[in-house]
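Heads up, the next two complexes both have subunit A, just with different partners, subunit B and then subunit C.
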Partner chain A sequence: MSSRIAERVAVISTTLGVCGAVFLPFVYEARAASAPFPIARTVTLTAVASTGTWTEQDVNGWNYWTRDFPAARPVLPLGETTLLRLKSSDVTHSLYIPDLGVGPVTVQPGHVVEVAVRPMTEGVFEYYCTTVCGHPHWGMRGEVAVQPAGTQAVPVQPRSIVKYWLEPPPPQDAGPVGRGKWLFRQQGCFLCHGPEGQGGVVNRNYVKDTIPPLNLAERMMLFESEDVNAILDHMKRGTRLEALADAPPVPRFNVFLAQYHSVEDVIRNGSVAGKKDPKGPEPPLKMPAWGQQLSNADIDAIVAYLLTLQPSK
Partner chain B sequence: MRATISGALLLVVSLGVAGLRSAGGNVTGTVTHPSATTFPTLVYVEGASAGKFTPPAAHAVIDQKGKLFLPHVLPVLAGTTVDFLNGDDFEHSVFSPDGEKYDLGKWSKGQKRSYAFTRAGVYTQLCNLHPEMIGYVVVLGTPYFALADQQGRFQIQGVPAGSWTLKVWNERLRPNQLQKAFQVAVAEGQNAKVDVAF
Partner chain C sequence: MPSPANARTQPDASDAQAASVQGTAARGPARTPASGAVTPERHGWRLDLFQYSPIFKWIAQRRSFQFALVFPNLLIILMFLVAGVFGSPVGNRNILIIFIWILWWFLLISVMVPFASRIWCIVCPFPFFGEWLQRRALIDVRFLDPKREKKGTDGVVIGRNRYFGLNRRWPKALSNIWIQNLFFLALCTFSALFLTRPIVSVVVLGSLFAAATVFHVIYRQRAFCSYVCPVSGFLSLYSMTSMVEVRARDAEVCAKCTDKGCLAGSENGWGCPWFMYPSKMVRNNYCGLCMECVKACPYDNMTVNLRPFCSDRTLKGYDEVWKAFIMLSLAVTYSVLYLGPWGVLKDWANAPQSGKWAGFFAYAATLWISALVLIPAVYCGAVWLGKALAGRRDMPLKDGVLALAYPIVPLGLLAWVAFSLPLILVNGSYILMTLSDPFGWGWNLFGTADLAWTPVVPHWAPYIQAVFLLVAFYWALKTGYDQAERLFGGGWAAAKGFAPVSVLLGLCVISLLVLYVG
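Let's look at the complex of A and B:
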């Protein structure tokens, strides 16, 4: 072979190799699963950290920052095998469906993880992301419906939580209550505790089944609005609450103070969600430790805001 | 033989005396306050000082289960020891910011901690790991107390004959309501009725 032909072969193969390599990820992502059993449905779920969703929509570089991706509500045929193809569009996520025995499966960007699931019980089951992936992480959950084959899926409205991240901080004179309300949304607290602290979000195998309401005033023995206002007046003035022990502004101030310290410790250090059935799965949601992100003044502001809420019991 | 008979007689007589001494009368009534239907409400005879009565040797028990103190309100005679259990598969702690203040620390399922309540007063039981848990040990200087049912009805048994003052406690009554006194006259072997209305 002359050197001329060899040169051409080299140029062509290099060109094909370089151009072809670009398409390799697509080939990898689209490759069919070679499961040794029949697959009735394939559901592709893509994790999006910016909106805190597992979505069935196509996520790419063109739409990532401009679209609010709705949370997927896949329908799995009862008694048949569904292949879940899990992808991440950004950071490491995980998928956990405690009732179907799926995961938590770690999903890293650039890799497709395939999970075969054959649900034998009809119903609606929660799924969660259990790897902290950003502020919206705590809202990264949704439902999987298991229905007899051929049933229509229920469309899900896109849920917008992005607007809270864009909310500007309140002015200085808004005081601790205003700042606490802003932090409660900004930090994503509302995603588990509810916009008004009413709780109620399902937490599988948690001893209380759902997230308890944040009825802080009641827990802190401030049963009358005048008691709440007496404490808030001091918090607005920046008084150290311990210094009030000699002239307590509310009845049972000692219990208030003990609860105030316990609540702040739970916000600062987090709390493990106790299991209902000790042999059952780990509850997917737990109180994270906020001590690294929030200053003591911020935690005080959140407590002040929560004292103004009156969630029903 | 004679000794046995006189021994038996003595036993019967002393039982009779003990029976007479503990007979007294019952105090019954109804607490009418909105909180009495929602929160465990305690009615007790005031005036008997601590130390006059022998506390029970058996320990009273408070369990912690499903993130609740069970029972939510435990009334005891001063001098009673209370065992705090943990029926949950995760840690709990027990402390009280009231009275002489105590902190029994943290412990897991199967273990227990005890505390002897010698001074009368209301001790709020808190768990610093779970601030939603609240319970109460109400230490009284008298054994004459009863918890009202959900309709507010109560019965205090074996109150000695005489004029007594009743007081009421539940976690929602304000300080002035806790101070409110209700008079009752107890006659031997009779039921005394009191209307505990706020």
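Let's look at the complex of A and C:
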């Protein structure tokens, strides 16, 4: 009789235990996620490094590997408190919404960071990730809309994810210009500097307001297209530019060389984005140091490509 | 009835023999030793743990013993699977990856196997549902009293126990561990994938649950565990080194026993689910430590002994020898892959992320050819040379290989320990983090979720690894020389016969030492 009771206890324990093991975590999570204070609404944003997006969708161990998560475009009620619950699904990220005074807030995987925000200005504001989180990082931006509570949110088509970091390299015979063109996209340079290096991307509280155009040829004193081609020919042949000092291929060669090294140095070591208003927020976009990621040949290739974009007239 | 005399000195070939006489369970592989093979010997002292600790004996004899161990483990593994699907996709933030591939693996290879044999098989949850279906009982024994019951009622009667399901016999041609060998090698080829992606680990572990259940429904008893489970394969090999064994206490009692409850079952216990004849068992390899024989023995003659390291020294077939080759090859490959400085190799192994599929196929081909062909061929060559040097060219190569492959068992086990050690030292702090936040959802159950990643004495790891390798080399030489003495006779002949193999073992140890410390 006692063995029958033990068997029944075992069967009941197994049934309850299996159900508990599967469902209890979700019950606990639902309780843990409840808001600690009265708020208008809660917006959960999860950072996904593999697609370079902050998303409002649920990210888990299954869909992370199979889905592309579109960038979130949360709508916040004007003048009311919204709780931003920020999560990271993979690596360390930072959320920065300079116009709303949010962040940069560092978000590590496994940690939920909660930020209360009360926007007082209506409009659409850009948000950024400011911690380099992988190749897709440079496109990890989106918009937050602030509008009066109760108004209908304008439906917005989610930005399509351009997987620039997966674009295949050019053939070997493409030369430095071809490789530089590919690197300019594959490394995500175009996201700040514009698809053709024309600049114009808004950078909040940056001293120049927008990212300036990459008119490198002019900056390097190559005012004639023949001069640009002469330099590119040497680069294509793999000639060290310093070795040309005795028989300069272009006028003002020493000035050109100094400017060339200066550009290389900016790419290699990065540069600070000066603030327009010293007391204002940090400009979200700044030139990172690429010295650890790009070889000297790659940096030369990017410069070669940029020379072709702005030929002198 | 076969004579149970000398039960402890007979190889477990007698299991199949006895089973056929009993006409009961399908007793699995008939593991007869090759002609002239080394006769198993009992090495060193024994301490009867049941006499030493009656409480331990009392616990082991409870019918609920195994259920009480498996049940919590089942719930834990199920929760891990939920974490794998719905938790963080990042390995170091998901309890599935950290607890299975870092903690469990380290404990299994470094603690459980050397000190407690196949204790994992007692608590393993994978066969839980299959065995439940097969027995229709979690705790009870379905005992058929031949004096009172007729056999033709419900289920299938095997021995004196009643089972459910199809209860087919496992094919004799597959009654070896070749499937386990290839399955394990195949799994390990994709290790970089399931070590980094929780969802892949879910697929692997979930498949083991499903396969174990299906096999239990189709085949008799623990056919899945004995012949298919990839973990069971290496547990069987390395349990030979273990310091614990289940054995008959007194061979005379077994000789006079007509009941054979350990084999056929009794009202207190199931007949051995592992197709063994426990009272004649002389090796740990295929004993799952389930303690059913302890419960079923009418004379209270089965016990658990403590014994010296490396007490079982008889490899009984090429399947077991090749398992030793595979395990050693994997220990070396993983050391190069995960502990070495070659990032390109990691990219090759992790092709789904890096996209370097050509590299992956090169890596996989190298691993398979090394494990199955190259290393065995070199080793067999060394054995052949040893035979020639010892003046025993007439001896079949198989006898030499079966005997002299044994040193790879302690060497492989301790090489795995040496490989696993830095993983736990460097990543151990993640255990505390994921304990508090198992799903990576931001919980902090025990206040340890915010701990910083803190490697523990990483600078000492190479030297600790070196100590393990040197201990491994000592045991390989010691056991290898013992085997050579028994194979070729003592003295100079044994030394010459073992010399080529010992050089190979030395080269292997030196290579790993250079990798770890150099």
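FYI, the second predicted complex is superposed on the first by the 259 of 313 C-alpha atoms of A that agree within 3 Å, B and C clash if a C-alpha of one lies under 4 Å from a C-alpha of the other, contacts with A are read in each partner's own complex, and residues count from 1 in each chain.
As a convention for this text, a contact is a pair of C-beta atoms (placed from the backbone, for glycine too) under 8 Å apart; a residue touches a chain by one contact, two chains touch by 3 or more.
Note that the structure is predicted; figures quoted are calculated from it, not measured.
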Partner chain(s) touched by A:Trp65 [first = subunit B, second = subunit C, both, neither]: second
Touching partner for A:Asn254 - first (subunit B), second (subunit C), both, neither: first
Partner chain in contact with A:Pro25 - subunit B first, subunit C second, else both or neither: second
Greater subunit A contact set [subunit C / subunit B]: C
Touched partner set for A:Gly110, first subunit B, second subunit C, both or neither: second
Partner chain in contact with A:Ser3 - subunit B first, subunit C second, else both or neither: second
Partner chain(s) touched by A:Gln293 [first = subunit B, second = subunit C, both, neither]: neither
Contacts of A:Ser225 with subunit B and subunit C, given as first, second, both or neither: neither
Subunit A residues contacted in one complex by subunit B, in the other by subunit C: none
Subunit A - residues contacting subunit B, complex: 207-208, 212, 219, 223, 251-252, 254-255, 257-259, 261-263, 265-266, 271-272, 274-275, 278
Touch list for subunit C against partner subunit A, complex: 63-64, 67, 71, 74-76, 78-79, 82-90, 92-94, 132, 137-140, 197-199, 202, 433, 437-443, 449-450
Residues of subunit A defined as touching subunit C within the complex: 3-4, 6-7, 10-11, 13-14, 17-18, 20-22, 25-26, 28-29, 32, 59-62, 64-65, 87, 89-91, 109-112
Complex contacts: residues of subunit B adjacent to subunit A: 66-67, 88-90, 95, 97-98, 124, 126-132, 134, 172, 174-175
